[in-house]
Amino acid sequence: MKSFKTRLGNIIFEHDTAAAKLFDVVLLWAIVLSVVLVMLESVASFRLRYGGPLRGLEWLFTALFTLEYLLRLYTAYNRAKYIRSFYGVVDLLAILPSYLSLFLTGTQYFIVIRSLRLLRVFRVLKLVQFVGEASILTRALRASRAKIIVFLVTVVTLVIIIGSLMFLIEGPANGFHNIPVSVYWAIVTLTTVGYGDIAPKTPLGQFFSALVMILGYAIIAVPTGIVSVELSRAEKAAERTCTHCDNSHHDSDALYCKRCGKAL
Amino acid sequence: MKSFKTRLGNIIFEHDTAAAKLFDVVLLWAIVLSVVLVMLESVASFRLRYGGPLRGLEWLFTALFTLEYLLRLYTAYNRAKYIRSFYGVVDLLAILPSYLSLFLTGTQYFIVIRSLRLLRVFRVLKLVQFVGEASILTRALRASRAKIIVFLVTVVTLVIIIGSLMFLIEGPANGFHNIPVSVYWAIVTLTTVGYGDIAPKTPLGQFFSALVMILGYAIIAVPTGIVSVELSRAEKAAERTCTHCDNSHHDSDALYCKRCGKAL
Amino acid sequence: MKSFKTRLGNIIFEHDTAAAKLFDVVLLWAIVLSVVLVMLESVASFRLRYGGPLRGLEWLFTALFTLEYLLRLYTAYNRAKYIRSFYGVVDLLAILPSYLSLFLTGTQYFIVIRSLRLLRVFRVLKLVQFVGEASILTRALRASRAKIIVFLVTVVTLVIIIGSLMFLIEGPANGFHNIPVSVYWAIVTLTTVGYGDIAPKTPLGQFFSALVMILGYAIIAVPTGIVSVELSRAEKAAERTCTHCDNSHHDSDALYCKRCGKAL
Amino acid sequence: MKSFKTRLGNIIFEHDTAAAKLFDVVLLWAIVLSVVLVMLESVASFRLRYGGPLRGLEWLFTALFTLEYLLRLYTAYNRAKYIRSFYGVVDLLAILPSYLSLFLTGTQYFIVIRSLRLLRVFRVLKLVQFVGEASILTRALRASRAKIIVFLVTVVTLVIIIGSLMFLIEGPANGFHNIPVSVYWAIVTLTTVGYGDIAPKTPLGQFFSALVMILGYAIIAVPTGIVSVELSRAEKAAERTCTHCDNSHHDSDALYCKRCGKAL
């Protein structure tokens, strides 16, 4: 018969039994609610009217998450590994700011780090295909890392040159106060965000901006192209190979080889 | 000889005979006109000048659509199925707001739900390839559902973290009044919409925003890549169906059904 | 020996001889200059200072283009075909507004229709691969026409619904004066243009806008995916087939079949 | 034994030995720091407080880069080739503005040309896959050059027509002062940047703008599609080279060289 510690560990760390699933659902809702609470607390009118209850609920959630963290520490197979894992660090960061806020003001808003715990939803849903999908996405992004670095260095060089030129063209009088601000404008423009808090006013500046925007057209196409190609390659790599005819282009849901008809 | 009810049903529900086609064209124009009417009625200057005729025409269309709905109920082969179908619900929602506006003010603008009836155009044009195309689009979107959920959870977590950080960096004095508003800003920025109603003003905020925008570059590439890959796969898969197991998701180069192993 | 008319026609309509190339280059520069002139004339300060010379130059270009049009009429192999062709209509529209401006004020700005003549550059450069590329682009767009119509009807229905909801949520007090303006806002937001001339101010409006933007994420991916898939298909279709082994996946620059090594 | 000049040249131009790697890292950090310095100097508050030290550090970096340039000249295998190479020109342009600023005011900001030297990072990291990736990107862009020119000519023609129409619709009273400014607005809108410094105010202008934005939807999809297709082809083509004719543009499934017909 399994010990109490093992059974508790199964509920907390696994996602297969009914009790474990209930625990997961309750935990996810608690995370969502506590994040919503912190967000609401930052709204002045809410804080003034419901300040007391809000703080009370926040400490309740902090107590619950602290208890959960201690239970995880107690039941973990490999304590050191859990503490150093991504989820272990996030679990600790999710409760620290509350305690820090007793000594330091301003730290209570760091509680939103808690929202990182939402990523735990991928774990919980691992029974379905989600983790596989996430790992395809991750693999696609990792495979195009080299291209993305080349792309980013080029973009950074470009926005510094563009920003400096616009600083010389438009000057402080038209809102381009200095080169860093002009570089900020260049990024806002190249990424097609376009706040309009800084916008060219001289004809030459507007002409040059138009060139930058059309350049941005081409540039925004590059990461999209990279990700498309890598995604399509990662998907292919995730397919399965037939042991009879060596055909490797099978979809993940295939039961029989589509070339020779043998079972996979 | 077909009964009057059958013949009427053919005109209303089918799209093949000359009479049915005429009915479809008149219906689509009536929908377009009635939606334009509601939109115009919301313009203050129009309402003041043409209030009477506008309301008259609106009731005329409501009467016509009510008559049409009753005829559909009368001639439907399977009445319960029609009422519960997507088009059945939309047909009812298209006339309800007009009657509700007799009792409740403000409901008349819900008449624009009528514009959903425009989607009926896909039905009407089913003789051509449109429904096929729509179902390829729908299938592509459904196939990438898992990836899209992973993507959305990641984006939501990201905008909460980014929004909270910007709230701490910029603060209420610079328009970032609270965390929800800052999260709204983060979404406006990441999606490259960039209204500029809220924009960073401190150098640190602008630097952080620039990072967020460049991150947005990479992020906006992901759904595009996903849809491209799925679209290209859905197109391929639309080609052949297995006569044994009705599985239609075969690649164009498949010789055997990948589900049941029978030759195609 | 070729007649004067034939030789003149060769210079004007063909692009192969030295004289024809010179004519093309001079014509393209004349088009560029005349369009720049009209654009400059619309600038108030320019018009005040250089009004006389500007108008003089404009009439000079109009005279030249009129002469060119008459020569084209005179030398065309098939006059009626030229007049009704795309380039024939554009050539006429390029000179008409100047003459109309003698009778009607305000028509002189229609002279920018002249810029359509710039598309003639595709013709001039036909010796190179440009026309081929243009036709691949055109074919890709035509092939995805059905999908694009499905997409547009869905988007139009969507922006009407979104616009009406925002009109109800935000109301005239926050700049959403009527449904047409709200629909305009919905399009500005969904396409990620985001001027910020109209922006949600209530918390509910901002929340709903955030949903719309994230929806826009997915929606903007659809045309990109469609065009990518069609482009890649159109490119494949432009490839050549080996007569020996029926392999059709050859690049346009291949001399030998890459499968069986036979000359193509 | 290698001469001092050869060993120095190896350190400066190569990236393989420990000394060469140290040189590269120090050089890259020096470039980053000097670019940051120029950017900070443009900030008025910084310049007022730290003007002296800033200028001192700038001259220090200029002296270092001048020394480096002279050493490169001294140790280069082929001096003329180095001077005319991309990196040779950038190295010279990186130090010239500092000396020019002694005679001409305003030239000191051209020092940011130095940031182009950051591209040297691609060289330094050539041991890894970066240069290969950059050349795939470059080749993809070059291969789609013809399509991109067709695209750009079409876009330029389009924005001139759109800008002129909006100038006629909205007019100077609504911020569309002249055709060049309206063309600038058209580019801001089509590229989905959307500053909002100029925005349509009349209903007709807003309706027309909405059409332009939806057109922009389709247009922005084109470069993305082009780059995706070319990237995917460039990746495939990067795989195998023919030993007979040095043609490296073979697909991964080719058995025979498509240029000379020899077996690969």
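A, B, C and D label the chains in the order they appear, each numbered from 1.
FYI, a residue touches a chain if its C-beta (ideal position, glycine included) is under 8 Å from a C-beta of that chain, and two chains touch if they have at least 3 such contacts.
The shown structure was predicted, so the numbers you read here are calculated from the model rather than taken from an experiment.
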With touch defined as above, tell me whether chain B and chain C contact each other through largely the same residue numbers, more than half shared, or through different ones.
different
Report the chain pair from A-D, B-D or A-C that duplicates the C-D interface, where duplication means over half of the contact pairs agree by residue number.
A-D
Rounded to the nearest Å, the gap between Cα centres of chain A and chain B is 27
Chain centres from averaged Cα atoms put chain A and chain C apart, in whole Å, by 39
Where chain A touches two or more other chains, by residue
180, 183, 192-196, 220, 224, 226, 228, 232
Residue ranges of chain D in contact with chain B within the complex
192-196, 224, 228
Quick one: which bits of chain B touch chain A in the complex? Just the residue numbers, please.
146-147, 149-151, 153-154, 156-157, 160-161, 164, 167-168, 172, 177-180, 183, 189, 192-196, 199, 203, 206-207, 209-210, 213-214, 216-218, 220-222, 224-226, 228-229, 232, 249-251, 253-263
Of all residues in chain A, those that touch chain B in their complex
35, 38-40, 42-44, 106, 109-110, 112-113, 115-116, 118-119, 121-122, 128-130, 133-134, 136-137, 140-141, 148, 152, 155, 180-181, 183-184, 187-188, 191-197, 220, 223-224, 226-228, 230-232, 235, 249-251, 253-263
